[in-house]
Amino acid sequence: MKIGMLTSGGDCQGLNAALRGVAKALYQEFGTAVTIYGIRDGYRGLIEGDYHPMEPQDFSDILTRGGTILGTSRQPFKTMQQAEENEATKLEKMLDTCRRARFDCLVILGGNGTHKTANLLSEHGIPVVTLPKTIDNDLWGTQVTFGFQSAMNIAVEVIDSIHSTAFSHSRVFIVEIMGHKAGWLTLHAGIASGADVIVIPEIPYDARAIAAAIQQRARGGKRFSIVAVAEGAISREEAAMSKKDFKAARAAMPYPSISYRLADELQKITSQEIRVTIPGHFQRGGAPCAADRLLCTRLGVAAAELIREGKFGNMVAVQNDRIVPVPLKEVAGRLKTVPVDGELVRAARELGLCMGD
Amino acid sequence: MKIGMLTSGGDCQGLNAALRGVAKALYQEFGTAVTIYGIRDGYRGLIEGDYHPMEPQDFSDILTRGGTILGTSRQPFKTMQQAEENEATKLEKMLDTCRRARFDCLVILGGNGTHKTANLLSEHGIPVVTLPKTIDNDLWGTQVTFGFQSAMNIAVEVIDSIHSTAFSHSRVFIVEIMGHKAGWLTLHAGIASGADVIVIPEIPYDARAIAAAIQQRARGGKRFSIVAVAEGAISREEAAMSKKDFKAARAAMPYPSISYRLADELQKITSQEIRVTIPGHFQRGGAPCAADRLLCTRLGVAAAELIREGKFGNMVAVQNDRIVPVPLKEVAGRLKTVPVDGELVRAARELGLCMGD
Amino acid sequence: MKIGMLTSGGDCQGLNAALRGVAKALYQEFGTAVTIYGIRDGYRGLIEGDYHPMEPQDFSDILTRGGTILGTSRQPFKTMQQAEENEATKLEKMLDTCRRARFDCLVILGGNGTHKTANLLSEHGIPVVTLPKTIDNDLWGTQVTFGFQSAMNIAVEVIDSIHSTAFSHSRVFIVEIMGHKAGWLTLHAGIASGADVIVIPEIPYDARAIAAAIQQRARGGKRFSIVAVAEGAISREEAAMSKKDFKAARAAMPYPSISYRLADELQKITSQEIRVTIPGHFQRGGAPCAADRLLCTRLGVAAAELIREGKFGNMVAVQNDRIVPVPLKEVAGRLKTVPVDGELVRAARELGLCMGD
Amino acid sequence: MKIGMLTSGGDCQGLNAALRGVAKALYQEFGTAVTIYGIRDGYRGLIEGDYHPMEPQDFSDILTRGGTILGTSRQPFKTMQQAEENEATKLEKMLDTCRRARFDCLVILGGNGTHKTANLLSEHGIPVVTLPKTIDNDLWGTQVTFGFQSAMNIAVEVIDSIHSTAFSHSRVFIVEIMGHKAGWLTLHAGIASGADVIVIPEIPYDARAIAAAIQQRARGGKRFSIVAVAEGAISREEAAMSKKDFKAARAAMPYPSISYRLADELQKITSQEIRVTIPGHFQRGGAPCAADRLLCTRLGVAAAELIREGKFGNMVAVQNDRIVPVPLKEVAGRLKTVPVDGELVRAARELGLCMGD
């Protein structure tokens, strides 16, 4: 039995833990009858036929290790050396690699972009099993993705730290949290760290409403405030724009990121000292937290079970605290965003937090 | 509106975060119309009428603080000064305090023992809402209790640390994890930390099976092993005993805890150097992890909602990642133990871990 | 006995631990005979007469707390509301407050700017004792300042985390570490985290040299590199400029910070993907590390001893692992920078690290 | 050039970081002209000739790894398989291995026991350079040993955690910290964590004095206390005994460790609930802290310098914040204990802490 494995898209915590889970379960079940091939740098390696056989000891001591031992790369149709090739050719090359390598299954770890391609491969007859990786938690079909909880811990740690400085200097701090399309990370980390304002892409913000919340705190004697902002936050005005106008407006925006624009807007209204902190890639690196190590291991074992049972074309997912298979065609191309009237947003409002609107 | 709050049983991470969640949501909803009374040291304070009004600022800056600002005590019918009193008198005194204080609701945070009493109070007409607190995660009706995830992080941190020493010295290490009746903490932490053997109360252990697993690893070149043992672990022989015989056997056991006995048993069979580490109370102290801070806040808000809606006699619980009320009478006196053929135990076995049997 | 205490300048870890150390030692020595006055927001409170008596319990439970319970503000001659006032008037107001308050000693916690003013007050007859606070470690007269070790831990944690992403994506990462004039933090954190290139203000950098180091690693099969850059880094060209020209050049620099300029320079030479991460204020917030808690406590006790013995006009400092007094006039206005041929820089070079030149 | 390296004695944080430091500096200086041989399991490997050539990549990615990649074992004259051999034979075998292997230098990382043997080898003509490893910080000739600061962090983390439980339950907690002969770890961690009582081997304790301190706190409204006790603590009565009587008394002591005896003594006097927590091996495992990673790297580079300069027979040490060589014959057999009237003990007393006497 030959299994190919690849990790694709932005790296995050738990990739190695998940690879180890799949591998340990396969070796335990099939022993020397299985050979695992590591495909280098995500789909790039699949396109270029860059893969190599791995040994059981390659998966030792990687449970806690950040990043991915296989390497990764961004979208397959953007970052390759052969950028001139058209998409059809690339897909053909990937299919070709799978056939020549005679993979009995291709195990793919990745997020939204990755799953589109994984589904494409599956539709072209490749036996595929996937694992849901993203700190954004925006993958359809699973309650939680791996990486998310580790990233939340870091975001919370950063906001906690900023808290003491904000208090000591009586300042407003904006902390920009990762998440372009979905506000899960910002919402979870914001509530968990006691932020005063939470701005997520799903709820277009009104700078005046945020300023009012800050000023109300100041009137109550709290001269500092913490504003947690998702990097994908948009204003009400922007939400009303056409896609084209929005792109143009953003291209002309004279700020390195949305947080700086919001800082400017708030400073004008409140006259308070406002600072911006952007933890950036720090949120996705380093060792996975205990919860992610457990989750990755469970997902890995479940993926091995699907392989054993020949149930290809599925992503292993978490639903109702159980690990279940979800068809790739249901996952691909769909985004799981924060329900704006869901329990979590309501809870934030009931605590008196400003949700930016 | 008058709300009494108490925390009972062994302290754990998140008690203050949960108190803060309830309080912030109540103050947000009712403003100055609500007065929260802090009852000191759990049921002791309720029996003795030891409570005092609190202010909103008492709940500031406690989100990350370990322990409980209200103080706590163990089972109401054991640790009080008035130990001579019979139970009926104590219950009467508690009811009396509630009536005299005219609490519109009594908010109780605690674990299994606590919930028995909470249900008793509820059955006697006291409006009660409870929150599920225990690092053991053994409370019926909720997928997860607060404290559990924080304790898991610590248990994993300890096992991680022991790992490097075990490897360097080619030793077998037994790490004793909290959990008298349920193995949740040991099982989760054991898998998340890559332990080689996991022994939980739900699966009586056979020292020869564990020794065989250790010896098999040694034959494979891994001269060290990590054995995660729940403090409530029992042997197969003990599992076959009557309750009376078991108690007698344990009373005569010449070891400070089960881990030392197991160490002795394993040493005799394997002749390997075996050490025991017991993190003990370290597992339940200190700041709650981000996940627990989020969970406690959500549970607190949900408890405030139940109060607002007059839905007393319920515990706020997690089911299918949602916060739901569960009737106290369903929770009281029931234990949630690890299903021995559940997904997690199966996953451990599929990874090649020894479950002690 | 009346003691005034203030914390000035950017906040950092350990301020509260140091305040607690002074207070506990004073209360232990003088009991109820001493009253400590907390001066709010640094020199602003001294100028405006904004101070209040504190109680022993105010210093309980603050050993691990980030920030400062007294509040702080930047340079006294910049951030006050009364910005129109000239400096002489401000100094006069500070002296006036001290006299009216009849402080037997003014305890001042701060960094370089703070010490200039502290020395000025001392020269005008105010009994002053100071403690060396700064994450930059650039205060003359002491081997180490408090805050430095905590900030180093955070900088190292960030670089560690970035490491896994750099490896997984085969990228070059620039991590910008705090330190405008001195490279202590960048140098210590860079070596401790295994950075490949370290750029500090004391050693003007040559982008070609850094690019060469990155390319040499790539040739050796390591397609990723970590570049730790102090925020005060300057290029060789800049180092050769007059102060006036340098200021003009920087004012015209089309980058939000030096790291982005360096990224651009390196990208042009190496054609590698280069990313920038700036942990920013995260480095100075949150709980002090154990070493800082110990240091702050020792410094606090030593400050109380100086007060008892009437040895005013001194900063408590660390020399040869001992706590010693250093006259303020020796400290004020002097910067402790990294010796470019000192042991640490030599060690970095002997390890094969590129120091940017 | 052939260099043998071994790590001996109990493992601790930073061993791999130090090995890496030596290796990187040697490879940087000598390139392919140097071969490093890893000797397995400390002196056992030297006696049995169990060593193997290593490659530069063996030292990659180990900076943060706990334990030792070379393995270690306890005292060479106790734990070997050939326990029947007399000491002379063992020494001869070690000398023999060095000669046959033609090591140009033997690099030894270890603590007190290790340094006795290292000095013996040096006196027999073997070119030796050593690095000071021990979490106990009790090695003569250096201000600090590596491992010590990492262990302090963990001890402080444990005491911090216990603090919240002690407060919540109004209990007295004894935390037993490593250190048989020297109290450095207990003293540093105790002050850094705000312990109320600190008991170290250098100051024999009087249970009545400790009880009095606890009772005084209780009278002041603080019903909880934290007692940090070194595992090598002794009572006044024991301090007055002959060595023989002491050994006999301890052999007959019906407690698993000194902390339990002290708990019993305190309970009898104070009638308070007293609990014991023993973090044990957790204190010496896992990743080194940033300070230790820096220290190990500096020590490693300095060791490589000594090798280059042929300055054998020395330990690299820290004095006055500089790395200096110290002759092995000055180090061997001497213990660095806490000066009972030194600054740190005085500081503890001036803070009002009870030092057990």
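In order of appearance the chains are A, B, C and D, and numbering begins at 1 in each one.
One rule holds for everything that comes next: a residue touches a chain if its C-beta (ideal position, glycine included) is under 8 Å from a C-beta of that chain, and two chains touch if they have at least 3 such contacts.
As the structure is a prediction and not an experimental result, all values here were calculated from the model.
Engineer: Quickly list, by label, the chains bordering both chain B and chain C.
Structural biologist: For chain B paired with chain C, the chains in contact with each are A, D, in label order.
Engineer: Among the chains, which one keeps its Cα centre farthest from the Cα centre of chain C?
Structural biologist: B
Engineer: How big is the gap, in whole Å, between where the Cα atoms of chain C centre and where those of chain D centre?
Structural biologist: Averaging C-alpha atoms per chain gives centres 31 Å apart.
Engineer: Report, in whole Å, the distance between the mean C-alpha point of chain A and the mean C-alpha point of chain C.
Structural biologist: 35
Engineer: Can you give the whole-Å distance between the Cα centres of chain A and chain D?
Structural biologist: Taking the average C-alpha coordinate of chain A and of chain D, the gap between them is 42 Å.
Engineer: Where in chain C do residues touch two or more other chains at once?
Structural biologist: 157, 160
Engineer: Across the complex, what residues on chain B touch chain D?
Structural biologist: 7, 10-11, 15, 41, 65-68, 71-73, 154, 157-158, 160-165, 167-170, 173, 256, 275-282, 284-286
Engineer: Under the touch definition given earlier, write down the residues of chain D that touch chain C in their complex.
Structural biologist: Per the touch definition, chain D meets chain C at residues 21, 24-25, 27-29, 63-64, 143, 149, 152-153, 156-157, 160, 188-189, 191-194, 289-291, 293-294, 297-298, 301-302, 304-305, 320-323, 343-344, 346-347, 350-352.
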